[in-house]
Amino acid sequence: MFVYGLINSAVLALMAIGFNLTFGISGVANFAYGAIYVVSGFLTWSLINKLNIPYPLSALSTIIIIGILGALIYRFIIKRIRGLVISEVIATFGISIVILEFLRYVGFIGFKYSLPMFVSGSVEILGAYVDIQRLLIIGFVILLIIALYIFTHHTKIGRAFRGIAQEEHTSLSLGINPDWIASLSMGLGSSLGAFAAIVILPLGTITVDGGYDVLINALSVCIVGGLGSTFGIIIASVIIGYAQTLTATYLAPHWTMIVSLFAILVILVFKPSGILGHQKELEERV
Amino acid sequence: MLKVENLMVFYENALAINELSIHIEEGEIVGIIGSNSAGKTTLVNTLSGLLLDTQLKEKRKGGERITIFGKITFLGKDITDLWPDERVKMGIVLSRERHPVFVESDVEENLKIAAYITTKREMKENIGFVYKVFPSLVPLRKRKAGFLSGGEQQMLAIGMSLMAKPRLLLLDEPLLGLSPSIQVKLIESIVQIRKDANVTILICEQFARPVLPIIDRGYVLENGMLTLEGTGKELYNNPEIKAAYFGV
Amino acid sequence: MAILEIRNLTKSFGGIKAVDDVSVDVLENTLLGIIGPNGSGKTTFVNMITGFIRPDKGSVRFKGKELIGLTPYKITNMGIGRAFQMVKPFFHLPAFKNIIVPLSSDRVKATKGGGFGDKDAIALDILEEVGFERDSSVPYKTASVLPHGYLKRLELARLIALKAEVLILDELFSGLSIAEVTSIVPIIEKLLVEGKTIIMIEHRLKELFRIADNVIVFNFGKKIKEGKPKEILEDEEVKKAYLGVEV
Amino acid sequence: MTKENYRKERIDRCIKARSDDIYAISSKNEIFYLLFPRVIPITALAILALILPLYWQKVIISACIFAMLAVSWDFLSSCGMLSLGQALFFGIGSYIAGILNHYLHLPFYITIPFATIFGGLFSTLLLLPVVRLRGIYFAMVTLILPLMLMRGIEATRIFGGNEGITGLSPFPNIWVELIIIITAMWVTLFALRRFISSDYGLIFVSIRDNDRATMASGINIYAFKAQALFIGSCICAFCGAFMTHSYMFTGIPVFTMEFSILPIAASAIGGIGSLAGPLLGAFVLVPLSEILREFGTLRVVFYGLVLVICVVALPEGIFHYLSRKYNEMERWVKIE
């Protein structure tokens, strides 16, 4: 019970981190994130099964290819409509539709599309049998968060990320090129999406509709956590993750969605800017 | 060092800067004095290239059309169409008005972010230098910039531009909204920066009184036009300036 | 008689006390000046009076009625208007339409000031009062293209439109030229003659001390001095904390 | 014409007073100038509705419905409320009409007005606790609520559950349908445009511009936001109720994302903030998606592609672009 909740939370956090990275830095709500997630799954699958490239290698190349793809999307599409929030959302959503529906058209539907586990087998923890793959997810999330923290606080580009996220014009006047950084962040965000896909997808099958679900999950976790805050994401995914797991166990599985959505509503009513949203007082003080 | 020839800037049909020609020599402190909407901010934004960015963004969403004419040369190179980040690499660094700092990072991190274009070793040296110029920032190192007072934020903002190793430092309204004692402190620091870091400084200000004594030369802007120019002393003793900016 | 009784206001942000146990009586029909270094808590103080920030503790009474806990719009409707330090006009609206918004408030409706239909004319009158040239195109321009000086006047015009009894002006003069300040001072003096109470936060001491009846000095969130302008000028502690040089 | 010496100047068309007020119009030219862009689309749509075959008449109806949803979305967004859930209002209106018709056997001329008013009221009450949320947080709630209602109906199996309510009474004929929806759409558009430029409507715009300054002007912004919400959701609820009778069906599909996303897409393409832009956008998108039906399953792919291209090519929106071309002249002037 406890373990399942934890795993569920980790999965949510993993889905959200990439989305949050792009949004927190460039302010672009990447609605194509779900599509990128699914595409990564298919890409890895194709590399393994069609080109017979070994699993670790194809996973790695997927992450790199998807990262470049994300940066290209920024370069050629989003850059031109930067700052117009609605247009950004519609454009990325359009991209998402194009990718996902094209995959559907090509016929990527069915149970054969699934990625192999890293390690098969399961262990018993606190009276529950858990796949090792699921435990690995928790490990990956922790590693990823630590890596991200070090990246954003102790490297030059990471710090530039934080600068752009806070004050674009000031960063510009300090010699940081926002477009370059934003496309990097989009690329990195997409890579993280690909990473999440490769880690999570072995648990189930790759489906087109999964893309939309991932988007909704990532969006809600980010907003509940307070946009741009990594720590907020962890808390939010724990809350939502446990809400889902508890309902699934004690109520009925088809209530899961309702309860988790309700949890989001309640949090927003009491914490209007997310759990760890920006401090509004700062606005007025200067 | 920097030469501006016949600069004209239009916001749609309104003329913000009209036929402006100024020059700045190595090692000087030059002041641009003018009241609100005289075109000071537009001028520094043009010099630092930020206006090009605004221009592009307005064009994308079909807003105001900004047109720039004229020629800007820096160290003998034409930089009129250069983007802000390239200008920073050449050494033109702007500290924008209303002390814009990264409010959610602490003071030290603000400085580190600002060190984007320098190497790690230079960063350490520069941080030391900033703390030397503004010793009052040292005890606040771990405080979030959003919780600093206006004066401290302004010091931090100038410190951040120092981190980018400027050769020409543009200061836009550094004294705006500051109390008299902090204004005096800041002016002293600016003189010290010139001496220790060997930078050329351009100050745009509407409070002429504290600024005029420290500048080598000054220009007076009115409605985007150059109305007066002279050494700091000349301007300080000019009766018109006294009437308009000192409020006798 | 004290129109505003402020008692023990306290607020901290992130462990730092922005305003620390401040008590002030604001007398009716006087001009109270508030000075102090940047970040000494003046704006936070105003934000608490006008309901934008809820204090950790303390009370504010306006004509005997408690204000703490009320929403900003209710406080405004009771007659306490405030001008923002960072101007907050409605950028997409023409200048005169900016004034129609306060004219539609409950307070103005109740005093029958906003009347039927002709709000445009009233708005233009008020704008003329604060120095918008009536016959020019200035009052009809969109706020986003107006120069800073006019935006500050717009802030003042909003308070006049509200028929506020207590006007709180947060650094109204900041960023204005000497000429602009000298043209606004008579407007403030006229408001005083009309019987309004004014609280001004200022750095422009010369102008402030000429018109202020009382001055309080803030430092590190604390009220360190209160008195007539003359006393404040001569006070050693104030000189050290704030003025630094001759005024 | 080299760059050095010339710049493009923009000037307003020579018209004495560009104003919506009737008193300002003095000459035939000016009347024509003002009426031209209004009369042409109205007549064009009327003629199209008369001559097109039944299939395309249905397309016009659905375009009108989406146009109204988009106008309502734009109205809400110009009051500072970014909604991602037009489907919520739409669905509520649809279900109310469906329930009234199915269980109480009321005719459409009673169910539609009833659903409009009570749908609006119910949606407003539902969102009342969250009107103080700003920007994307409000958007998130509006995105979540229809999903919740959808799953709730699925889980509890009320009102027909997954299957929905079928066999509702239709309109007498296609002409009644066309007249109702086309009139409703034009009335909504022009009434809202007039409303938002009135002194009262001004307050809604000011909330979007700066909510704090509006509060400091003594305005209860939450009351005004609730009013805006009511107006906006009434429009959507009307659409929902209309659709219910037109398709003789209501069920959980009325809460799907399509009804939320398409109006936003229409607004983005048509131009946000003008109310007329979103309408134009809807009349581009809906017929387009019909034309694309030839491509079968690839339809949505092309649809998304067009969406991306439109948004990137003309970020300000078709309507803003056209109106600028119409109201302004551009010419090159020489700089001496």
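Order of writing sets the labels: A, B, C and D. Residues in every chain begin at 1.
In the analysis below, a contact is a pair of C-beta atoms (placed from the backbone, for glycine too) under 8 Å apart; a residue touches a chain by one contact, two chains touch by 3 or more.
Because the structure is a prediction, the values reported are computed rather than measured.
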item: Separation of chain D from chain C in steps, with touching chains one step apart; value: 1
item: Contact-richer chain pair (by C-beta pairs counted) among B-D and A-D; value: A-D
item: From chain A, the most remote chain by mean C-alpha position; value: C
item: Chain B-chain D separation of Cα centroids, rounded to whole Å; value: 46
item: Intercentroid distance (Cα basis), chain C paired with chain B, Å; value: 30
item: Chain D, residues touching no fewer than two other chains; value: 315
item: Chain B, residues touching no fewer than two other chains; value: 60-61, 147, 150
item: Multi-chain contact residues (two or more partners), chain C; value: 13-14, 39, 52
item: Interfacial residue positions of chain B with respect to chain C in the complex; value: 14, 35-37, 144, 147-152, 173, 176-182, 184-185, 206, 244-247
item: Touching residues on chain A, where the partner in the complex is chain D; value: 29, 77, 80-81, 84, 86-87, 89-91, 93-98, 101-102, 104-105, 216, 219-220, 223, 227, 252, 254-255, 257-258, 261-262, 264-265, 268-269, 272-274
item: Residues on chain B engaged by chain D in the complex (per definition of touch); value: 8, 10, 12-13, 60-62, 65, 67, 69
item: Chain A-facing residues of chain D, complex; value: 77, 129-130, 132-134, 136-137, 140-141, 143-145, 147-148, 151-152, 154-155, 261, 264-265, 267-269, 272, 297-298, 300-301, 303-305, 307-308, 311-312, 315
item: Interface residues, chain C side, partner chain D - complex; value: 50, 52, 71-73, 76-77, 81-82, 84, 88-93, 97-98, 100-102, 104-108, 119, 158, 162
